[in-house]
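Okay, so here's the structure we're looking at.
A, B and C are the chain letters, set down in written order, and residue numbers restart from 1 in every chain.
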Amino acid sequence: MTAPLDAPGKTTEVSPEAVLAGAGVKAIQGRSLGQIAWMHLKRDKVALVGAGVIVLLIVIAIFAPLIVGLLGHPPNEFHQEMIDTSTMTPKGGTGISGEFLFGVEPVNGRDLFSRVIYGARISLLIAVLATLLSVVIGTVMGVMAGYFGGWVDTLISRTMDVFLAFPLLVFAMALVGVLGQFEKDLGVTGDTLRIGLLIFVIGFFNWPYIGRIIRGQTLSLREREFVDAARSLGARGPYILFREILPNLIAPILIYATLLIPTNVLFEAALSFLGVGIQAPTATWGGMLSQAVKFYNVPHFMFFPGMAIFITVLAFNLFGDGLRDALDPKSSR
Amino acid sequence: MNKRSALAFAAAGAALSLGLSACGGGGSETKPADGSSAAPAAADAFNAGLEAVFNPSDKKGGVLKMAISEDWDSIDPGDTYYALSWNLVRIYGRSLVTYTPAPGAEGRKLSPDLAENLGESSDGGKTWTYKLRAGLKFEDGTPITSKDVKYAVLRSMDKETLVNGPTYFNDWLDLPKDFKSVYKTPDVNTDSAIETPDDQTIVFHLKKAYGGFDNFAALPGTIPVPKDKDTGVKYREHPVASGPYKFDKVEAGKQYTLVRNEHWDPATDPIRKALPDSYEISLGVNADDLDNRILSGDLHIDLAGSGVQPAALGRVLGDPALKARADNPTGARTWYTSIVSDVAPLDNVECRKAVIYGADRVGLQNAYGGEFAGGDIATGLMPPSIGGWKKLDLYPTGTGDVEKAKAALAACGKPDGFETIMAYRADRPKEKATAESLQQALAKVGIKLELKGYPTGDYFALYAGKPDFVKKNGIGLATNGWGADWNDGFGFMSQIVDSRTIRESGGNYNISIKDKEIDAKIDQIFTETDVAKRDALWGEIDQRVMEQAYVLPSVWSKGVLVRPLGATNVFVTGAFDMYDYLNLGVQ
Amino acid sequence: MVTYIIRRLIGAVLMLVIVSMVTFSIFFVVPRIAGATSEDFASRYMGRSADAEMIAVTAEKLGFNDPIPVQYGRWISGVFVGSEFDTGATVEECPAPCFGYSFIKRQPVWPDLVDRIPVTLSLALGASVIWLLGGVATGVLSALRKGTIFDRAAMSIALAGVSLPIFFTGIVSLVIFSYGLGITAPGGSFTPFLENPVEWAYNLLLPWITLAFLSAAAYARLTRAGMLETMSEDYIRTARAKGMQESRVVVKHGLRAALTPILTIFGLDLGLLLGGAVLTESTFSLKGLGDYAVQAIVTNDLPKIMGVTMVAALFVVLASLIVDLLYAVVDPRVRLG
């Protein structure tokens, strides 16, 4: 896994996360970054649309009960009267009507609209918190590795390599199962337990991606003139770390956090799709898709959760791209 | 029977459609036991293959193509416990007796196979004697003797090596104490259990009398195995054929091909037609693709025999031409939810009743696939095709009776309801749907369920089937299902209602029924020699189970099977409630 | 150079050892901490007739009572010298490399893996060729025509591509192209290459395209960004100033520099994919390593999970090793210290 970490400046370009990001990020320079960034962002219509959709999604997630109360039915409520009992499919094909905006699920007639809306809660909650976890671990580890160098760097870098060598999805699947046995010890059950587990597993396995970038950035920042200047002025380790280096890391952290969220949305959906996500009856997009596969003869069932995933991921990607362009004037657009 | 634990959405087909049972169970007058030539030919219509042979023919040749979306335990006759496998094994192996290849209830009757006649009992039903036919040979030409049958039975009892098969011989044969297994103690004399006075005769000695021993003799465990070819667990890499076909290619989990066994002599075998030249069996085929290929005629048989997938179901039932090709048998299988009487407050019968009253029975039927693919709403544990079955009417079968449930809760001292945990097999969509339906319905009467999915593979060994785990985790409800090993009370009920079969170490299929009265009735059954009285007692046990509300039955399972294009002698056998695999031919 | 290679080799081996230790701990140590007994491990390998005594015997026989390091040591030694398993009737050989023995299926894991590698290999290679060519070509064209309608359209599609889960696009394309129009093979179709290359390609076409679409999108974005960056470098200007043909400038100077990091990532992606394209395989019912892993997890067959994880890790480590070595050859800036 060790792409030549010894060649500073190259690090970011050879790391897999660049695949997600689309381009390498060089160390961020310049002053009044916030202003410049805002200036750029304002002009980037596409990114603004992405941001708008994100805000909308968050609002939907937070006010899900309200929205569903107005426009739908409780997400787990059965409407078997909507189902043809011989084929188990919705009467009239989809069941879409003013009452059921997205139609109903086969078998039990649950309101698809409500379930997609509630699915946003799980999806965003897990994706955002898992990202936060990755960012925290990744930043701490990356800064330590980059700043201290030597054996600390070696240890952390190798650890990251080990993490990156695991088949992530398989491992996460197995781990959710294994850790689920600790239910009694953790003192939580049901959705809380599962959400916690998923956040942990997804977040914990993704930190090396952020860690590598932060390490590379720290490494190159450490050699910069302004750090040298601070050092020659008598500044000590902690001061340099917190006042000189960390502020300069905020931009890449922000960018990669924004770009990690959609990956995690996909990750959570994949785990739910494979049957190891949140348990029944709680609605998740991936879980709905995995049920919908069996009922490919009623395509609306896969269409709505699929589109929900697509729109969410796309919005974060658009915004993340825009943010990168805005925060990193050197990256070409 | 652990019929197809690996096949998630099993709905076993079964012999008696409801219509048939209405005209009185055994009333079928279809005669010929020896095949289809004289049986009425069926027209192309819905359920045409249930009581008549569709497309009867004696034409030989062709390749019969079968497929299955998963895999089953083993092709080793001594190591298999799937109905589909018990059905299929008969094309390459011959047991002492077997099920008559005939449609409907007739298919449940036994015909002698290796043996000349059905078993002769003596010693009040404790000793059973079979005489083998003359001229029987294995695929390598060596003659089959009664010693090979004895060896096969004994080896199938080694549950450390061959873990999958049933345990009837272990439980009933009178074996010496120092006998461990044919592999560990090959020299121990086992004549107290099975004697082979000559090469044609085999005599079984039981610990206690049992009138239905022929059902044991029909188990694949009596298919002869030559001792010098037995390689323990590896025997499944090439079971030696005694039937008309032998294995040509064995690729575990992928493909089997069978070709004609030249040493099988039709003169020794009155029930088999042996029509196709070969069989091609593909495993691990995508389930939806499998359905589509059967519909298009590219494939003959879905080995699982449990019916089409949801997507194809819509197509088949929605298109009259396709529906005319479908059969919809009811299986000797019940899907139900155990109500665990060890876990408070379900230790109180009124609280258990509240669960049954509160359940949405239509919703549970839908969870299993509705009236065609799921089955009829079950009012008792025992399915209608089992002898001694009587219709019970203890609980309403509508969408949930809130008032009665609340009254029962009040009687139980829990007027405001209670909370408990419901276990289901996580990767079985139908069981998940069952749990969701119960959760919704019971919430209306104040019973709050927390749903917990467990892995299918360990469900009985480590979770729902392990008393310790169930109690410790407060699991009040656990959904599961059971199919008959054969169609009588013993074959269906004995493993799931007798509290003495429960082992603390786990692996129990009886999750909730611990009742002294039922145990006593079972003991009474074993001493009862009259079949009708025995059947009646099983019926009484069924009633007791429901009165005490130990289980909430969902459906007596049904499946929508699609008759193959271009295949002959197609009919549903009452023995396995799927197409009979013994005499299928290719047009 | 030689010392560098040796160092990296040792590193790779060490990495595999650590991965195997971590994997082993998660499946064999963590459940114990959660309270599982040796009998619990054993009971899942027993039929329903097992009583407590038989389970205890099996637990002992399968070595679940031994200290964890001993169990781990046995696993590792199996990989190199093979091992034997007492199945009751016979002692089963599990010849080296023994990546575990499935007590549920009574088979060594390795032959299963060998059996499934061609499926995953076919899927990964085919898809990766498509996405590499498609992605890079799109990226270069986009970069050269920056700001045109083509660029915008291509980049929009690319962005949509990276935002779609394969288990969605896969099923949708199956429903449309295979079950609806009938022009591609249905799910679960696979023919070995040597048996019939045409059928092999036909059967895999849909999974290839679906999988490639996702990655091609990412590569297109990456190539475009890389090209834009290199094309603004001084040496490109110099080359142009020399009067070099534009096409040569693009290919020889621009693309070459932009391609180096892409090839690196390609190597790593391919390594990951070879370890099992879990979602693609499960969507298209292909019996590859990823599907094997999922089945092993569903049936809780620990030796299988262990084996497939290790093989997947092996691919990743190998891929990164090869990439590193190639990199050292291609890019003189890399210090071989």
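As a working rule, a residue touches a chain if its C-beta (ideal position, glycine included) is under 8 Å from a C-beta of that chain, and two chains touch if they have at least 3 such contacts.
It should be emphasised that the depicted structure is a prediction, and the values quoted were computed from it without experimental measurement.
When each chain is reduced to the mean of its CA atoms, the one lying nearest the mean of all protein CA atoms is C.
Set side by side, the interfaces A-B and A-C show unequal numbers of C-beta pairs in contact, with more at A-C.
Per-chain Cα centroids separate chain B from chain C by 40 Å. Our note on geometry: chain A versus chain B, Cα centroid distance of 47 Å, whole angstroms.
Averaging Cα coordinates per chain places chain A and chain C 22 Å apart.
For chain C, residues that reach two or more other chains under the stated contact definition are 179, 298, 300.
In chain A, 177, 275, 296 are the positions where the chain touches two or more neighbouring chains simultaneously. Under the contact definition stated at the top, the residues of chain B that touch 2 or more other chains are 288, 427, 455. Those residues of chain B that touch chain C in the complex are listed here as 2, 155, 158-165, 167, 170, 181-184, 230-234, 236, 252-254, 284-286, 288-289, 292, 427, 455-458, 460-462, 503-509. Note for the complex: chain C touches chain B at residues 39-40, 43-52, 54-55, 57-58, 87-90, 92, 104-107, 112, 115, 179, 186-189, 285, 287, 298-301.
Only residues 1-4, 6-7, 10, 13-14, 16, 18-20, 22-24, 158, 161-162, 164-167, 169-171, 173-175, 177-179, 181-182, 184-185, 262, 266, 269-270, 273-276, 286, 289-290, 292-293, 296, 299, 302, 306, 309-310, 313-314, 317-318, 321, 331-332 of chain A touch chain C when the two sit together in their complex. Interface residues of chain B facing chain A in the complex, by the touch rule stated above, are 288, 309-311, 313-315, 317-318, 360, 362-363, 365-367, 369-373, 399, 426-427, 429, 432-433, 435-437, 439-440, 450-453, 455. Against chain A, in their complex, chain C makes its touches with residues 8, 11, 15-16, 18-19, 22-23, 26-27, 30-31, 34-36, 159-160, 162-165, 167-168, 171-172, 174-175, 179, 215, 218-219, 221-222, 224-226, 228-229, 232, 261, 264-265, 268-269, 272, 275-276, 278-279, 282, 290, 293-294, 297-298, 300, 305, 308-309, 312-313, 316-317, 320, 323-324, 327-328, 331, 333-335, 337.
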